[in-house]
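Here the structure comes first, spelled out in structure tokens, and everything after it is commentary.
Naming follows writing order (A, B, C, D and E), and every chain is counted from residue 1.
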């Protein structure tokens, strides 16, 4: 008999070096847990995240992608996250327009002091994606009959 | 030049002179005022509550008529001007009011604030020009006149965009054009309070006195207005301080068509 | 030959003869009446093949990237929508505007030969337009068609009849604005459920043969080297490479031209599979308009594009899904 | 209708955001009818913000306000006290049997010269 | 072939209690390219670092991954150690298996598996790492201060004190700025000139400071450490070197009807003038708009009378090119135009004045020699009413949304000084809020009320009008809930302040950013408040936001400290993780420069071979590595992918994504 495996989503989190990555470290120092399936990639600024990275993550099997940066107005690079905000707003709505569930993409502003919030955001995001289930759509957007 | 004209109820009854002199002067200046067909009373006061729709419809009808008849709507009475201009602004910028008003009226083509509402004074300034009027003056005024703007022509300035609400100049320029000397006095843009006359008789009396005394102190021999209600208040409650007249009367006088 | 076509050719001759222009970019007669193609004309003799008819839908602005590098001035004839593309290219320093004489010309919408064929008329020899009707002549006779039925998709929802940033114009009559709202179709998709939208795009994009026609015709897709052709980019496709690049080509392309796409509609016009690619770009345009204020790429030849600009109070990415829907 | 609901309705029909008020009192400093305003223009804004609708509905200021917009014109925060006053007045007159002006009150005070617009506007303002 | 070494740190039990470090170290050996793998109790310890160094040497490692605490903790430590062992420090990556793994997970299997993935991800990245070199750029040991007010003066003096040369560029004919116009300063009430003019003299006498008065910055090129600035010295028609400041010309000049800007136009000055007695430089200047000789060619009286022969009507603007290592912006402020506030009757009544005008009317060197006389009839005002927040905290579009910060204090000062000097004067102050935080500030304001009996009225003024020769100030008294009308003789408006408008041009020249109110943006509002986002540019005084003299002086000194810290270096080390452009792919479209907050990107025309023996000229982007801060905004804006970021390249990040997503 086949074992029914509980669905564990795969989550990629891009965190800016100055606020959110430090926020994640603070969550760690405070032992504020969040699921192990969240893996963080460190980038200098949220504005370094190219939509291609997000698409690549989905295409390679990520079930959710979350981008974290300094709060607008607090960017270490002055204006970087303002551009992130516009790019991601446009990209997310566009992906949704293509039929990708809007819950799969997310941007959160987490400061270096918000360790608790970082953990809460990740728990919340993982819960949402778990409910949503496996990401099937984007991998076969251009369908190939198998 | 031909232009759609909205006289309003008062100009057909108690303020016939305001209208009659305006028409005579316009004729002398080569402007043809064509009355809006089947116009209805504008309601005399702009209903500010955001969910008042029905009370704005008569103004919209007049505006829609003008939209199809030259695109401009000329007003004379300050109250009508205030009401129609503000309703027009709603039709242009308040989506809720625009949708509902259009639903009520069921016009062939919806009205979205396209008409340009212009007051007779603005017509004199922008369409005719004060220089042109000055050339046509046969009997220059030669006296000191205080312009009384009141509240309706100026406020809210964002919508009416008539003149600087604290330091207006259009009537002063007008007085100069017809050969008079304008007297600037601080209460020319203050409300005379006539609107509450039926509920409170003392306030309008005090305000009229304040305004006329202020004009008198600065040397005015008379004041002029574009508002029948102001005129009424200034004449009845300010009796004995200074005479008040319609600006159109002075215009007709100066042009020799009175 | 129409008066308009005469005037255009006359001006072209004039420009070449006077030496004002070293060459003219326009449309050249094809094998058939309905397949004129973009071309360069260096002499009066060559102009004998110049045409401007109902099938000159091609946007000539992209050719100027290369042509404007040649010595001497180049004169180009641009329909209203093409002028926006030129302006955008000038803004991006891709075309040397000083070397261009831009002549804006009248356009009342161009015809779609496929739609005519669908109506059972083939071997078209001429199409003469009179107001809302088009008389299509073919080897087999004449038939009168309703113009709206045979217009190119891009012309049905033409964004503007303005000729922006041109040096001169040849316009004989009044150009009529487009009959329908260009965001209507986008809205229709927006009103669907996610699953329905997904099904729609899946069925559309599965037709894609990756011929690159959309990319090659697009004035905004004029990169010296496209990321999809660059093995270093991490998304380039080779034969038998993974599916990523093929599948997401259209998303990345749409994102790359967002804020820069003038909505000229060439992508859909040239798609051999008739995929409504313009609906991708238009979604970005609509979202930009709704979220950051009305913006028309190519309207001005300077200034920032919406995605290289910001305001402090911009919409949050997590909240954009509702903001994008027009009331 | 309960108080909270009524507050919300008044806020909505006033079309102004009462929370923007910074309590500077410029509106009341300008008001030409100030003397007879038992609730002052600036108080209208703060009282509506706090939901004191009963007091507002029972005041006499709503009958004395000229609607001259002087208070609106120069508010540094873009608040419109006159619109709050109108919202209160409208809420009052819309209720059953609530009129600010009874028809029988009119004849004795109407004189020969009174212009139409005064009668029309009085009915528009005070009655529904 | 790459030779990668992997080191797993136990961090005592911090990692080892939750992650099976042995299992990880063992499993990772199977990864392609990994030639060495070890685990150790404390990698950051002396012994741990030695282990790393030895392994690099012994195994000829080309790349290193450390699985340990956050790279924010010890990345620098490990990179230093690697460098000591001869490996390029940027060939080392840290996998965060403590803060982001062992500390937040309890289940050992789960944490071990995640640690493996994180280390594999770091290996994937390190495979694509390239050796990077920190750049170096020389530093020009000279500073430029733009603006010669108190902020500029203080910054220049402090920089000069440290031994560096510094130039002050001042657009007016004298330094001193707004502070020179003030009468007394709060909260101590010392005379403004008495504390300012000695500093002005210090500037003039310092052999390190060069004052370029009546000059403006015209062009700025270069970057931190290496600015090249073109300065326009406007023609003053008086030879600065010859003029002795004797003022004979001023006595003789027949054109006497110019408005005296220094006295806020309250009196007149001659066409040739020295702005005020203590001006630095104490040299005359001719107003070309007013001078009869310059306008009509006839006159020349000043030239005739100038004993020093300093007058030169033929003088033209001159340009000076200088090089600087650092720039301080101290352009200051001005009161806003209050024409939009007609309700206060400023334009119609001579006796409605602004606070800065009052400063001049109270100043002993002012138009009334310090006797408070009202402008209309030169009589002593008996009732004076102050109105605060004129144009401040105003979102109606007429004024400014911010609090101007200084008005509450200077109004209290004015009220107090008037009551002190003329005790029979009645003083009223209309206020919305009294904002006086700061050392001895609230005490100061309370003194005005308690000791000097100034009448503070909580409320705003609705209208000021003239009635029978009195200024009637009609406003509300919110505490007593009444409308008051105060018949006054003089009305003083506490006018909002705004940045001096020339700051816009300066900001553009420096590629520094300004906010919606035209204030210059600081790099970080809390932690880098005196640095502009453009490296090497610092901000002092009102150009950055409303502030009073003590704050301005502190900020100026802070700027000086930053400048000194920069100028003492011979070379600047530059972060190698910066953007770079692949010119072969660059379209030259300028999109990237649009999003660069630092102005690090410029464009050049370059010739490229296009095959067939032909070449073509293309416009391509060029990144200045000394200016680029490495955020990566440009890389995403670039459609062709020509822009990339060293240390965080697109391929590196994509390889990380792939490693994480691999199931």
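The rule is simple: a residue touches a chain if its C-beta (ideal position, glycine included) is under 8 Å from a C-beta of that chain, and two chains touch if they have at least 3 such contacts.
Computed from a predicted model, the values in this text were never measured in an experiment.
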Touching both subunit B and subunit D we find E
A correct list of chains touching both subunit A and subunit C reads E
Moving step by step through touching chains, the smallest count that connects subunit D to subunit E is 1
In terms of mean CA position, the chain most removed from subunit D is C
Taking each chain's centre as the mean of its CA atoms, the one lying farthest from the centre of subunit E is chain B
Quick note, more Cb pairs in contact for B-E or A-E? It is A-E
Chain-centre distance (mean CA atoms) for subunit A and subunit B, in whole Å, is 61
Between the Cα centroids of subunit A and subunit E the separation in whole angstrom comes to 35
Cα centre of subunit A to Cα centre of subunit D, whole Å, reads 52
Subunit C to subunit E, mean C-alpha position gap in Å, rounds to 46
Subunit A residues touching 2+ other chains are 51-52, 56, 60, 79, 83, 87
Where subunit D touches two or more other chains at once, the residues are 35, 70, 74
Touching two or more other chains in subunit C are residues 227, 233-234, 307-309, 312
A full list of chain pairs that touch reads A-C, A-E, B-D, B-E, C-E, D-E
As the complex stands, subunit E meets subunit A at residues 70-72, 96, 98-101, 103-107, 110-111, 113-114, 117-118, 121, 513, 521, 523-525, 533, 577, 595, 597, 629-633, 635-637, 645, 648, 650, 653-654, 656-658, 660-663
Subunit D contacts subunit E in the complex at 20, 22-31, 34-35, 40, 42-43, 70, 74-78
Listed in rising order, the residues of subunit C that touch subunit A in the complex are 186, 189-190, 194-202, 205-206, 208, 227, 233-235, 242-244, 246-248, 251-252, 254-255, 258, 280, 283-284, 287-288, 291-292, 306-310, 312, 314-318, 320-321, 324
Listed in rising order, subunit B residues that touch subunit E in their complex are 164-167, 184, 186-187, 214, 217
In the complex, subunit A touches subunit E at residues 10, 12, 17, 21-22, 24-29, 31-34, 36, 39-45, 47-53, 56-57, 60-62, 74, 76-80, 83, 87, 119
